[in-house]
Amino acid sequence: MPQTPILQFEQVSKRFGATVAVDGVSIEIAPGEFFALLGPSGCGKTTLMRMAAGFERPDEGRVLIDGADATDVPPHRRPVNMMFQSYALFPHMSVADNIAFGLKAAGLARDAIGARVAEMVRLAQLQGLEKRKPHQLSGGQKQRAALARALARGTKLLLLDEPLGALDRKLREETQFELMDIQKRLGAAFVVVTHDQDEAMSMADRIAVMRAGQIEQIGSPVEIYERPRSRYVAEFIGEINIFEGVATSSGDALRLESSEGPIEAHAPLHVANRTAATVAVRPERMRLAPAGEAGANRLAGVVHDFAYRGDHRIFRVRLKSGALARVAAPSALPAPQPGEAVTVAFDPDACVVLDA
Amino acid sequence: MTAARLPRLATLAFGFAFLYAPIVLLVIYSFNASKLVTVWAGFSTQWYASLFSNAQLVASAKISLQIAAISACIATFNGTLAAFALERFGAFRTRTLFVGSIYAPLVIPEVILGLSLLLIFVAFGISRGFWTIVAGHATFTMCFAAVVIRARLAGMDRSLEEAAMDLGAGPVTTFLRIVLPQLTPALVSAWMLAFILSLDDLVIASFTSGPGSTTLPMRIYSQVRLGVTPEINAMSSLLLAAVGLALLVSSVLSRKRAS
Amino acid sequence: MRRGALSGGRLWALLVPYGWLALFFLAPLALVAKISLSKSIIAQPPYEPVFNLSDGVGAWLEQAQKFALTAYRGLGDDPLYLESYLSSLAIAGVSTALALVIAYPLALAIARSDPRRRSMLIALAVAPFWTSFLIRVYAWIAILKDEGFLNLALMKIGLIDTPLTIYATNVAVVIGIVYSYLPFVVLPIYNSLEKQDASLREAAADLGAGPLATFWKVTLPLSLPGVIAGALLMFIPAVGEFVIPDLLGGSDTIMIGRTMWNDFFENRDWPAASAGAIVLLALLVGPIVWFERRQSKGQGA
């Protein structure tokens, strides 16, 4: 028997006036899992999280926490804690008082509170800042104080609303590792809401990609990246080249007659013969070959321009139809110059056949 | 920037001169030995002395302070509830009427408010006096209090309350430990505003007062109508000093809080 | 939030202030409207209660049905009231315009001052509001009188030989109103100016607009909400002003607040005063509703 999910959405829907924020979403999140809700702003991810915390009540469906129906449980009675996007640190309380707040509400003894606060201060590396007020903290310190406060009650399920959104780029990467480290150490389930695909990819065990209130795809970062199910997911996560055409399927091989030339891919079973199909290829799964190579998955083009990205370059290659393909090539290789004719080459393995 | 400096300073100088010259003149001439208000005849504090021996004036000042303190408390209480209703209760039936009743008294001429209050007290046979003035003052000052408190409430980060509830605090704890501490400066300024508006009001008090409840502004008004006297100047200077001191203290306090 | 349904605690929290306002603001206004319509009942000695609680609703309704528009007809016939309304609107209008002319540059000068000094300056500009209105008006008597400070000063520098008659004229009333209400006008204008992003002006300058063009095309239009709020905040109560025309105006200064006061306290003509109040309210209801909309929107509900 599988273990009880720590958090479960059952056909949950939420409307605000005429807009449907969340539309029939079902998700199960396992204890100790690091889960990311990923999508653009307005896709319903924050509403979904607020329903888990109890700040919004679903119009339909149920929210279960650790197997128990929590749909009608008010926020302060839920065994769930949240780290707010704005951090929501109480401005009139010191860092220590902020961390102690949830413990006092739980009615812990003074000694126990003191010990727990000290533990949290260590965990979040806030030593020496206990007496400071929130406005005396840097952005990173605020973030860690908010995290410490949310974790102080020892919750098994922490919700994090854009936890790194307010940090600058360098600090963000560092903090990603810190968050993952803390999560592994505490063994609590973390549910992160983010619009940043890199953040989701690097931290989460599983990602749910949301679009217009619905789940587009749930899977591990590798699945989401390597096997996106829809064009939406493929395009939302990273850069990708899309080819459309008419497919013929024979055995497990699929041949797409695209306007750039024939493309061969490993076909999923459900693609019917002579139907329109879409194939996606990641830039880093392509390479630039000398002009004149011919055959399947060999597309003739002319280098349009390229952008230097440190370890690699992104080339934009004008293909036969006029479309621009993006190809990543290691910077160590000699770079063809704009105007040079090349062949864009890739393996059938690199091709993903999309649903839509 | 430097080119615009001179006109800017001139504007400031003119503006503040206009605002403060009458007040400064009034204070200076309260120390005038002469009974003639605009002719300086040497320094004297005799008018302050005669002020305190004016039993009527002192009695009226006492009444005014009592009315202001009581009505400010009622106004702050009602204003706080009204601010929450406006800011946090969402839509309810007759909300428009409620909003209107909060904002209209801010601008409606006092003569209308006073007159309507007088009529209702007469209509119900309520004899006018101390408590009818308190009611009248509490009514129009609660609207000012509601606006001040509402502004603070609107500027408050809702996620703080959510965070408190998320951390296990019930509605009462959340209100007492999160909302109230942040609202306190607004409550204090709302109370002060209500207190000063009440202390200063002549029109509504005139309509709602009865025998034995003559407020300070009513007393001053009846004397002012008879002409400018150094005694009134002295009285005014004392009031100005009191208000000035209160403003100074509150601004020092709020600066301390900010740092 | 479900519309119309409030939980227990919230219901009480609403009912207390709502009840207070109903009792001391809405009911009195309704009564004024009623009395203005029923002359025959009121024309008795003023302290006679109009309604007795023991009369019951039936008697009230009966009285309310005796609509006699005498009081209003009286208003129309009485040139004093018509003149009062017109001259009140004129005096309040002129005063408001003048106050804007003084307040805008002042607010602008404060908003463009050193940020460290700004809050102190605006506090200083608003501070007179906290001091007694009556005393501030009173202070002007000594300035504007024939032998007052202004005339003394003007004669000393030789600008005039004989004293100007300002006190007890409409000019004195306008000066008094402008002075008394100035803080109400400065504050909202300052708030809207202070909120303006300085980079907007820099962008205008960068696009070739001179300081004047920048002011007319960027600064002023963006501060209009503050200007309108300030003007309303002053104009509406100024129309019904009583203290200032009474203390600074002459016998020929006619303003509606004063006319009503006299009808009430001296002529004891309550229906006329009530009808006067209702008409005044009707005149101001447009601006008041506008003000209220702006306020509630501005606060963000």
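Letters A, B and C mark the chains as written, and numbering starts fresh at 1 in each.
FYI, contacts are C-beta pairs under 8 Å (C-beta built on N, C-alpha and C of every residue); 3 or more make two chains touch, one makes a residue touch a chain.
It should be emphasised that the depicted structure is a prediction, and the values quoted were computed from it without experimental measurement.
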item: Two chains sharing the most contacts, counting C-beta pairs only; value: B-C
item: Chain whose mean Cα position lies farthest from chain B; value: A
item: Chain centre separation in whole Å, for chain C relative to chain A (CA means); value: 57
item: Intercentroid distance (Cα basis), chain C paired with chain B, Å; value: 16
item: Residue ranges of chain C in contact with chain B within the complex; value: 1, 3-6, 10, 13-14, 16-18, 20-22, 24-29, 31-32, 35, 46-53, 102, 105-106, 108-110, 112-113, 121, 123-125, 127-128, 130-136, 138-143, 145, 147-149, 152, 179, 182-183, 211, 232-233, 236-237, 239-243, 246-247, 256-257, 260-261, 264-265, 270, 273-274, 277, 280-281, 284, 287-289, 291-292, 295-296, 299-301
item: Interfacial residue positions of chain A with respect to chain B in the complex; value: 53-55, 74-78, 80-82, 84-86, 88-92, 101-102, 105-106, 149-150, 153
item: Footprint of chain C on chain B - complex, ascending; value: 4, 7-9, 11-12, 15-16, 18-23, 25-26, 29, 37-38, 78-79, 81-82, 84-87, 89-93, 97-113, 115-120, 122-125, 135-136, 138-139, 142, 146-147, 150-151, 154, 196, 199-200, 202-203, 206-207, 217, 220-221, 224-225, 228, 232, 236, 239-240, 243-244, 246-247, 251
item: Interfacial residue positions of chain B with respect to chain A in the complex; value: 157, 159-160, 162-171, 173-174, 177-178, 181-182
